[in-house]
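Heads up, there are several structures right after this.
In the two complexes that follow, chain A is the common piece, with chain B as its partner first and chain C second.
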Partner chain A sequence: MTETAAAPLLEVSDLRVEFGNPRHGDVASVLNGVSYQVSAGETLAVLGESGSGKSVTAQTVMGILDTPPGRITGGSVRFKGEELLGADPERRRLLRGESMAMIFQDALSALNPVYTVGAQIAEQFRFRRGMSRKDAMVKAAELLDLVKIPNAAQRVREYPHQFSGGMRQRAMIAMSLALDPELLIADEPTTALDVTVQAQIMELLDELCRERTMGMILITHDLGVVAEVADRIAVMYAGRIVEEADAASLYAHPAHPYTRGLMASVPRLDGGGGQLDPIPGLPPSLSAIPPGCPFHPRCAHAEDRCRSELPSLRALDDPDATGDDHRAACHFAERFVGASPEEVLTP
Partner chain B sequence: MSQPILQVKDLVKHFPITRGVVFQKTVGQVHAVDGVSFDLHPGETLGVVGESGCGKSTLAQVLMRLEPPTSGTVTFDGEDLFAKSGAALKAWRRDMQVVLQDPYTSLNPRKTVGDIVGEPFEIHPEVAPKGERRRKVQELLDVVGLNPEHIRRYPHQFSGGQRQRIGIARALALRPRVIVCDEPVSALDVSIQAQVMNLLGELQTEFGLSYIFIAHDLGVVRHLSDRVAVMYLGKIVETGTSEEIYERATHPYTQALLSSVPVPDPAARGKRETIRLTGDVPSPAAPPSGCRFRTRCPKATDLCAEQEPALAAGPASDHPSACHYAEVYRTLPVPSR
Partner chain C sequence: MGRYTLRRLLQAIPVFLGTTLMIYYLVWGLSSDPFAGKCGQRACPQSYVDLMTKRLNLGDPVIVQWLKYLGGLFTGDFGRTFSGNEVSDLIANAAPISFRLAVVAVVIEIVIGITAGVVSALRGRSFVDSLILISTLFLISLPVFVTGLVVKQVFGVELGWIRTSVPTDPDVFQLFVPGLVLGSLSMAFVARLTRTSMMENTRADFVRTAVAKGLSRRRVVVAHILRTSLLPVVTFIGTDLGSLMGGAVVTEGVFNIRGLGGLVFQGIQRQEEAQVVGVVVLLVIIYLLVNLVVDLLYAVLDPRIRYD
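For the complex of A and B:
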């Protein structure tokens, strides 16, 4: 991890987003005060199940959230100190691609089927850098080569349907890197891919981030992928970050019952244990988030306090964490942080 | 050992590639399943793993008699499955049911849960007389962990995990002996996935079911399977007990697959040896000569291009492995936490 003394690359604080129309009374609070930071060269993994708000946070940061139905009701997003929420749309458009770029889960629908892959990458060079069509195509081929597509000079003239799933995702990565962004947001980049291809793509992303000291926000639901590349991890539940720590301490001492539950739910390759120990119940509906701790209806350790008082995300005393980096939003986090992930804690 | 309930022998399914609108002519064959053999014993779970396009779902469709095979035989309880017709076919359908991957598209949105789970009884009225059906359906909902009161609700009122439970209840309705599960948990979130996997395990013990469990997630397959078959481009490349496959894999593809699975432990980062395959799976319309894995295999030699390795145990492999150079790589680089 690289230490940056100055302002972090990206600082999201207390971000709040709602969906739906308040006049009809059907409002879903999708983000309820999300804060995180990403420094240059750092990979932050945002881990969460569907509906936890991880993609909406990323869309808000990129400025591609559909409003309506979404509404940003509070908070701030600062990129190198510059406030982005409420900024001039033209300014935001310039930042996209140039300073921050995003890759998506489904590369096939993110690519335009009627243009060649090369033309779609070259477009950025032509419009942002004023290059000629020919020079831009040369640059596009260089990028395809950078993301290890064989025969890049020929493949640049092919259409997305001629690419395999893994190659399309590589082409998306090439496109996102075209203008040398400082921040890359990868929204479930390997979820649609097979394991052997997933491993290739994650390795490529990791390598590119390190070479370019690029900050990365990796959004995923896969605890394995996270463990392999993330520097820091933020776990989201019902529109909030419930735990945040560097990767090693999070896996060694998960302090939030939800994080512990997630880890106990993953079937392991080494075949340990018979029954899995899943989290009971379902995530709450975002239009009716329970009072107090949003996780309390599914938590075996919930007490009266959890039902009425919302726990804040606070720093914990974790001997393995660097500084006060391990934070969790649980009233009883101290009880869990010392225990190993397998330890079954009786409520 | 008991008599196998299902015996699959040299099962082949090719799909023709046609060209032309009026005068269609076949210009090639997609070799989706190309000579697959295995046995399934009562009460056993056979896991089938492989990447997309390896033919595992086509295998499920042929086994369910949703697609006719190109060649090969399948016997169920010693009787030829593809020879069945009429009443015998209908009776057999009670014994073998399927759970599909996508709980969103596999349930009819216009029918209530009661109608969906009760529909098998309409087709096989001998299982439950009309008056008893409602009670039967409620029992089934209870068995899979749903509220029996919700019998009048529609699929959209349920979450993904609950819908998958509805799919399982429907499959259980006729008390089948074999259930083919085609990626039953891959569309679900981790915490919900674990709930459904536990349910499948419990139902197996309760009803003495046999499962053919098709999935691409190696962890999920290990968790539920007694035996595992690894498929690549329409063929089984290695098969054995889950211990043999996960601890002593001898086929380079299985080894690469296992080493590609990310391990949820940051302490293991950079410490375990990984085999990274290059390139993509070749097209099943034009599979490579000899061993199908040779184009991506780190061990491939000229022999692999000329001669197809047989799926058999060898001196260095205690279980069937279709590789000329089968050997145990080393103990799996899975850390114990």
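For the complex of A and C:
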């Protein structure tokens, strides 16, 4: 865990994105006012189930959201104070790679099968730095070495399919570091990997972020992955942030029933309980988000107020949290924040 | 790659033997009397029949005739026609013309077909895209002889822009219009194949990665989308080159081009068995070689395919 710098590197506020065509009436509200900040050297983990809007937020930040079908309907994305939404596309392109880079879940499909790994890394040096092909390949080999790929000088000439899954993800990381970005967005970087390899990749990412005081947004649905590396955690549900806190307080005092549900549905090795407790039901359809708190149909603690009134994300009084860092969007967050995650609360 | 090439060449041997046997049997074995109608209204003189029977091994069973023919092929002897021409001479005159015509057609396919496909894919759902889709569908729906005759009638006879037949030994420019007609069908296929392939790859994860790397649109389209989309197109064009060489019978007929297609057609009309067999055997060899080259090229273009 690193000290967080004062000025935020990235500031997303009230971001709203819809998918689909309003003329056909099939609009899905994918992001409904997402706000988060990342400071230099800080790792923000964004947690949530599939379809909660984690990746769409990241793609909007990167400027690689497919529009159509996506449509940004409101909010702002500021990078070091500069507004990115509505900025000149060429300016945004130059920021990609240089200021912010992204790594993807499935490195096999995210790498072009017909070029060598080295050539794909070298591409950025050649076309963004004007280096010769030869010099760029030398730099590519250095990067492969940096991400601890053995025999980098030879492997730089191999194709993605000749790499193992873990090595491919390392190559992907090397590629993202090429232009020395200040912000790295890792979209489920370990989901497609073996558990043992997952740990190595997370360790590598953590190490790189620290060495370079690089901010990182780590998108995942795996609570185990975040625990070690995240400074702060934001939990997303149905296109909203439902809870946000520094990692320690979130683990110690989860204040939103959804966060508590996520934690209860993870197997524990210390023997506690023994039985998994999955969250009942499914995430809501984004074209028909329930009124009130979007989580209420799946929440064991839901009351009348939850069915009609949308809870706002508000600061909580958590003695362990630094400042007013712990925020949750639940009408009854105070009831949960004092209880340990294992405690079963009767409604 | 060396071992693969060798294996492929060895595989070509049974294919070559099988196809030539079929052709030989079809042409020689099925005709009850090769001399029927050869000498006008009268029966052929016995001396002529004896001479030709000996020269063409007509007294042997078909399979023996075929083996003797194969033996000749290995020394470059494609046999002789009844009228006394060396088949190899006929081929030597006709093949370069057919080759030129096929090259013109393929170049047109590549240049116009791929360009139209790329434009269509990049413009998605626009007027240009619809125009290209409709015109390619139009070309695909028309048999080549219709396209050929209409082009000849309209541009040659009525407008007078082109000559209706080409000279005896035409150069590539004189073959442009026939090449366009010959390549029109495949050109339409190439355009549609390129379009589909590009549209698929545009949504591919690696393209998103390329965009996220901050590469220019041009670089993303050319190096990532187009380069990867050309794999199926190259295969198609490769195999098509083989069929363009031999499949130009109709186009050659329409424009009076004396190529291989015309030679087969003429051979069938005049019952010159040796001429038919010789040309078809040559086409088989061309098909086999072109297919081999395409497969090898495919491995060069797509590194995931390695034949060792």
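As a working rule, the second predicted complex is superposed on the first by the 337 of 347 C-alpha atoms of A that agree within 3 Å, B and C clash if a C-alpha of one lies under 4 Å from a C-alpha of the other, contacts with A are read in each partner's own complex, and residues count from 1 in each chain.
Here is the rule we go by: a residue touches a chain if its C-beta (ideal position, glycine included) is under 8 Å from a C-beta of that chain, and two chains touch if they have at least 3 such contacts.
Remember, it's a predicted structure, so these values are computed and weren't measured experimentally.
Colleague: Quick check on the chain A-based superposition: chain B and chain C, clash or fit?
Modeller: fit
Colleague: Once the structures are superposed on A, label A:P68 by its partner contacts, choosing first (chain B), second (chain C), both or neither.
Modeller: After superposition on chain A, A:P68 lies in contact with neither partner.
Colleague: What is the contact status of A:G86 with respect to chain B (first) and chain C (second): first, second, both, or neither?
Modeller: neither
Colleague: Taking the superposition as given, does A:Q200 touch the first partner, chain B, the second, chain C, both, or neither?
Modeller: first
Colleague: Which touches a greater number of chain A residues, chain B or chain C?
Modeller: If we count touched residues of chain A for both partners, the winner is B.
Colleague: Which partner does A:Y159 reach: the first (chain B), the second (chain C), both, or neither?
Modeller: In the superposed model, A:Y159 contacts chain C only, not chain B.
Colleague: Applying the touch criterion given at the start, work out whether A:G25 contacts chain B, chain C, both or neither, answering first, second, both or neither.
Modeller: neither
Colleague: At the Cα centre of chain A, what angle separates the centres of chain B and chain C, to the nearest 10 degrees?
Modeller: Computed angle, apex chain A: 70 degrees.
Colleague: Just chain B (first), just chain C (second), both, or neither: which does A:A110 touch?
Modeller: In the superposed model, A:A110 contacts chain C only, not chain B.
Colleague: Compute the least Cα distance separating chain B from chain C in the superposition and give it as a whole number of Å.
Modeller: The answer is 7 Å, the least C-alpha separation in the overlay.
Colleague: Where on chain B does chain A make contact in their complex?
Modeller: So the residues of chain B touching chain A come out as 51-52, 159-162, 189-195, 197-198, 201, 216-220, 222-223, 242-243, 246, 256-258, 260-269, 274, 276-281, 332, 334, 336-337.
Colleague: Quick one: in the complex, what on chain A touches chain B?
Modeller: Per the stated touch rule, the residues are 49-50, 150, 164-167, 194-200, 202-203, 221-228, 230, 247-248, 250-252, 261-272, 275-280, 282-283, 340-342.
Colleague: Quick one: which bits of chain A touch chain C in the complex? Just the residue numbers, please.
Modeller: 62, 64, 66, 93-98, 101-102, 104, 106, 109-114, 116, 123-124, 127-128, 159, 161, 172, 175, 178-179
Colleague: If you look only at chain C, which of its residues touch chain A in the complex?
Modeller: Within the complex, chain C touches chain A at residues 203-206, 208-216, 219, 223-224, 227-228, 231, 301-304.
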